[in-house]
Amino acid sequence: MSQKIAILGASGYTGAELVRLIATHPAMEIVALSADRKAGMTMAEVFPFLRHLDLPRLCRIDEIDFSNVDLCFCALPHATTQEVIAKLPQDLKIVDLSADFRLQDVAEYEKWYGQPHAAPDLQTEAVYGLTEFYRAEIAPARLVAGTGCNAATGQFALRPLIAAKVIDLDDIVIDLKAGVSGAGRSLKENLLHAELSGGTHTYSAGGRHRHLGEFDQEFSKVAGRPVQVQFTPHLLPMNRGILATVYVRGDAKVVHETLASAYADEPFLNVLPFGTLPSTRDIAGSNFCHLGVIGDRKPGLAVVVAVLDNLTKGSSGQAIQNANLMLGLDETTGLMLAPIFP
Amino acid sequence: MSQKIAILGASGYTGAELVRLIATHPAMEIVALSADRKAGMTMAEVFPFLRHLDLPRLCRIDEIDFSNVDLCFCALPHATTQEVIAKLPQDLKIVDLSADFRLQDVAEYEKWYGQPHAAPDLQTEAVYGLTEFYRAEIAPARLVAGTGCNAATGQFALRPLIAAKVIDLDDIVIDLKAGVSGAGRSLKENLLHAELSGGTHTYSAGGRHRHLGEFDQEFSKVAGRPVQVQFTPHLLPMNRGILATVYVRGDAKVVHETLASAYADEPFLNVLPFGTLPSTRDIAGSNFCHLGVIGDRKPGLAVVVAVLDNLTKGSSGQAIQNANLMLGLDETTGLMLAPIFP
Amino acid sequence: MSQKIAILGASGYTGAELVRLIATHPAMEIVALSADRKAGMTMAEVFPFLRHLDLPRLCRIDEIDFSNVDLCFCALPHATTQEVIAKLPQDLKIVDLSADFRLQDVAEYEKWYGQPHAAPDLQTEAVYGLTEFYRAEIAPARLVAGTGCNAATGQFALRPLIAAKVIDLDDIVIDLKAGVSGAGRSLKENLLHAELSGGTHTYSAGGRHRHLGEFDQEFSKVAGRPVQVQFTPHLLPMNRGILATVYVRGDAKVVHETLASAYADEPFLNVLPFGTLPSTRDIAGSNFCHLGVIGDRKPGLAVVVAVLDNLTKGSSGQAIQNANLMLGLDETTGLMLAPIFP
Amino acid sequence: MSQKIAILGASGYTGAELVRLIATHPAMEIVALSADRKAGMTMAEVFPFLRHLDLPRLCRIDEIDFSNVDLCFCALPHATTQEVIAKLPQDLKIVDLSADFRLQDVAEYEKWYGQPHAAPDLQTEAVYGLTEFYRAEIAPARLVAGTGCNAATGQFALRPLIAAKVIDLDDIVIDLKAGVSGAGRSLKENLLHAELSGGTHTYSAGGRHRHLGEFDQEFSKVAGRPVQVQFTPHLLPMNRGILATVYVRGDAKVVHETLASAYADEPFLNVLPFGTLPSTRDIAGSNFCHLGVIGDRKPGLAVVVAVLDNLTKGSSGQAIQNANLMLGLDETTGLMLAPIFP
């Protein structure tokens, strides 16, 4: 029997990606789609690639009858999100894709997002949605906070290494390369094809990227003591995909074995043979994350490379993975789509 | 119960696309994959994006036990194909993706492909695989010849118009824009990223493109008299997708109504409202074809634009659609994947 | 001795392209740059690729002392332009890159641009800036109106053929493929990298593109009677370059000879050997236009393909070519930069 | 008076880039172009973008009369190069763009290139061609060895810092992002547009990239003791450009001041204001290198980002810069072309 799904904020890329994935999900059915500024339009008008689907018309949030909804995905901008979710029915299952409930400490939220949190109680209630590490908490949760896409990539590369203490916790560099769909459907000059194609540049460098809040929170929790990584994101002329090159101090073979062992039974996390490094083009459009490890010519240095699709495993695919758990479905339901290549 | 599938020529793009689609097909199971020069390798070595699948190792064709195979896809180069298929068991169901069995007239084959056909009997037996127009013949067929991807795009735009005689049959221009995956995994300078990205050029212009053989055969059959279109293909810096801009003489509204009416019940052919023209980005990775019609400021001139994904609806998706019919399955089984955007 | 140059509207792509070209022009010196909304900024802040140049700071137009200016390039949006130019000194030499002075007939301007012209006297005075065909008028002119980039491409392919009457004037189709820089630095969803890259679509199809006004005016003038072409532009995932595929009825060899003969002495117009068709990647960043002609398998049909860089030969390069003439310089001064490849 | 120039290996990308730059160089004239496998062809046939130039036909090396040549650029593959140059006239000025004469230690050459050097005497004679640091040696040299493009980028970021000892010499990470033209016109599957566009991956990771030989040689020389950096190159879906993200331990402000001071008078090296980081799109097609420095939230960590165009400043532009010095010309002659954007 199909679970009834609502998607708030269906006119952005993560909203559209949820629709794409649910289109072939055998146990979910979309009953409501909201997009305040585009209320009244059909999804085919906003995203013609979804034209073949029979979908409800876009509406305002206050037009949705949530008594008829089993689970609600919230793909709204941060700040807006906390206000919207605070007003939704208190027993509605919610998977949030924004940044609003990722940080459990009120002060940290204010530090990274520049304003006090408007719903601190919900902030405490929310479960951090990195599925592979929080399954037990996610399954019974009412409100799950999807992770940042960069934050997910870095954590897949590092959590088992930090937990096992096989690397130096005080000298970790994450050099990250991100596709442009992670910036959303924002109208900015540097996201225009004419400006982005054929070139690359850093953004939010120098320890200013907000996903550092997630890294700090999670890595410190895993380590049992403060851990602060160095993090430099780059924007690349590609639409989907993140590649994180992670520089660690430790024995490369041990690093590889630690990851391979930690993820041996994970359906979506794939550790390549030692010395083989992954490519973003092998996970585009899918919920898979590929990881590789190589040593350096200087003993004691290792490089971990992790790749995933920011819109799928880094966002909407992860959200469905969490929703599957919350709805009592098999975690992989509807998510085994193969990547698309070329 | 799953149908057992073999794929010959699994190391090319159309072979890999077959595997991608069958990966989530509920009634097909891959039991053999051949690739002569890469025999012995795993599919993950040749196409790491398929790494998550449990697939048979690549082998030589003569190593396959066809008694265990329900249907065989043949994704080999033309000329080679006719020799291979001639040696396969005479009762094996085959969907061929090459050009070898598309032209029913031996002389036409020789004219367009520059050599005599080595298996003229099979050539006569083969059914032309444009599913929407040959369902009745395809379902009981043993050997189905998949169409050219350009040829499919042009035919979807034109067949109903020619059949209904609502356009001038002697003044048809197909200006076609094609993504580079249609050229296959060939190592040619002009297919390098450094040379192709950011530019466009024509190829096989001046009435020399081999898909003209298909256009001639099919349009003349539909019209009941010789029809020869003018056809100029262009290579674009994109990987998937074909957009055909078709110039016809006729009443634009009538042209639109004729197409809309012809395709009203087709699950994969989607005619947009009059005056709306489609984009390749709305069908990437899917089996859908979108069509649009617009009139010109000069009465009596109309433009039909058709888009599809050359690897899916233009090749491997079409092949599975035909295989579904040949195996008694619902024609859309496994093919309702949404396009991927962005 | 250097000519003193002002550029109005220096914060757009054509303004920046003017600066790029003048940077190595031996006889021009930039003395003023305007950009109303960015007045006060340096050019390096707006366009960091120009950081190495010693340029005047951006200012408002009313801050410029035009008594110190030999020639002014005006790269402002249409409609704004006519108001600005009407207020400039009456003896200032001006090369305008907007659409405002391309159409000599007031009614035609209103028809294509949707509003009455605010400076009809100047409209009559302006010389149409297609250099190769209006040299005698441009050299002494005070106000020259740069052509549309698509309009230039189509005219290079067709003017000599129409003049020589070697083609049917009533059956001409221009199927044009354009890079995205032609749309300027506009913030629109369909110009985002995430949406444009990897796909193609038509725009202003059906006889609605404004450059048809130029085609009508010029082709009718050349023919001595009304000529209306059919014109379908497509947007491609490339930044620079236009490729026009022009379908004409006439003897292909005669068509080729007519073009080759007409352009034999042109430094920027290069007719390829018969049967060879050009690529946009061979003219990027340069002021060259390459043209090719091929026949069809059906006698009496020919295809002319013309390529140029919309920002250079289609706009800012053409503007400098005209300015050279107006300033008594050799027409090619500063414009012999080789294309950039790859 | 023009200097007479020969280019050996004119059919590759660096050869073509030499021709592009020399096309507008006021004091160089090309008198011979070699390309063994394409001898007899015109340059326009091999590189149609150079069609407008009047160039000598491609020939075999042994057909060139070197008595008529003032300076010879050698753009041949490594290994071949050493054999060719050994046979050239002993007094011919040569700028080599291959890897053959970059490493001065015979053992190092053999270690990184896997075979003994065939011309060890020339290896000792050759001057390392990083212009800004070897001007005094380059001007009187007969044989100058152009640097690796990645090696140049890393050295511009690091040499002044190592010389001034303002960073920890034992903890330097260079994470480098490279455009695909650096791989040359090689026919490899992973360089095809269909495979490279839209994705990224590492190559020669783990301390195996040959440019490490140059880093080791030069950084150790500057430091006066062995220095070994960690180096991970990535291939990006862009044609031109390298961005090196360099992680160092030191005071970020001091790092910035050291670079700014070192390069204050350099015409091609441009240090941005503290905290501003550069983009590859701002140097494409030019001989400029932009550098930026930012601190981390953790004191004592700095990131230096350097960008340049691999074909120009990283290869052919550098070669001409060196040739200018060797011929007694101003070092910047012909090299002040502005970058191309968009």
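A, B, C and D are the chain letters, set down in written order, and residue numbers restart from 1 in every chain.
FYI, contacts are C-beta pairs under 8 Å (C-beta built on N, C-alpha and C of every residue); 3 or more make two chains touch, one makes a residue touch a chain.
Given the structure is predicted, the values throughout are model-derived calculations rather than measurements.
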item	value
Shortest contact path, subunit B to subunit D, counted in steps	1
Required steps from subunit B to subunit C (each step between touching chains, minimum)	1
Relative to subunit B, chain with the most remote C-alpha centre	D
Between the pairs A-D and A-B, the one where more C-beta pairs touch	A-D
Rounded Å distance, subunit A centre to subunit C centre (Cα mean)	45
Whole-Å gap between the CA centroids of subunit A and subunit B	36
Centre-of-Cα separation between subunit D and subunit A, whole angstrom	39
Residues of subunit D engaged with two or more neighbouring chains	13, 181, 194-195, 197-198, 237, 239-240, 278-279, 281-282, 284, 342
Complex contact set, residues of subunit A against subunit C	13, 180-181, 183, 185, 187-189, 191-198, 237, 239
Subunit C residues within the subunit D interface of the complex	13, 16, 19-20, 23-24, 47-53, 181, 197-198, 239-240, 270, 278-279, 281-286, 288, 290, 336-342
In the complex, subunit A residues that touch subunit D	171, 173, 175, 177, 179, 194-195, 197-202, 205-208, 212, 228, 230, 232, 234, 236-241, 243, 245, 247, 275, 277-282, 284, 294-298, 301, 303, 305, 342
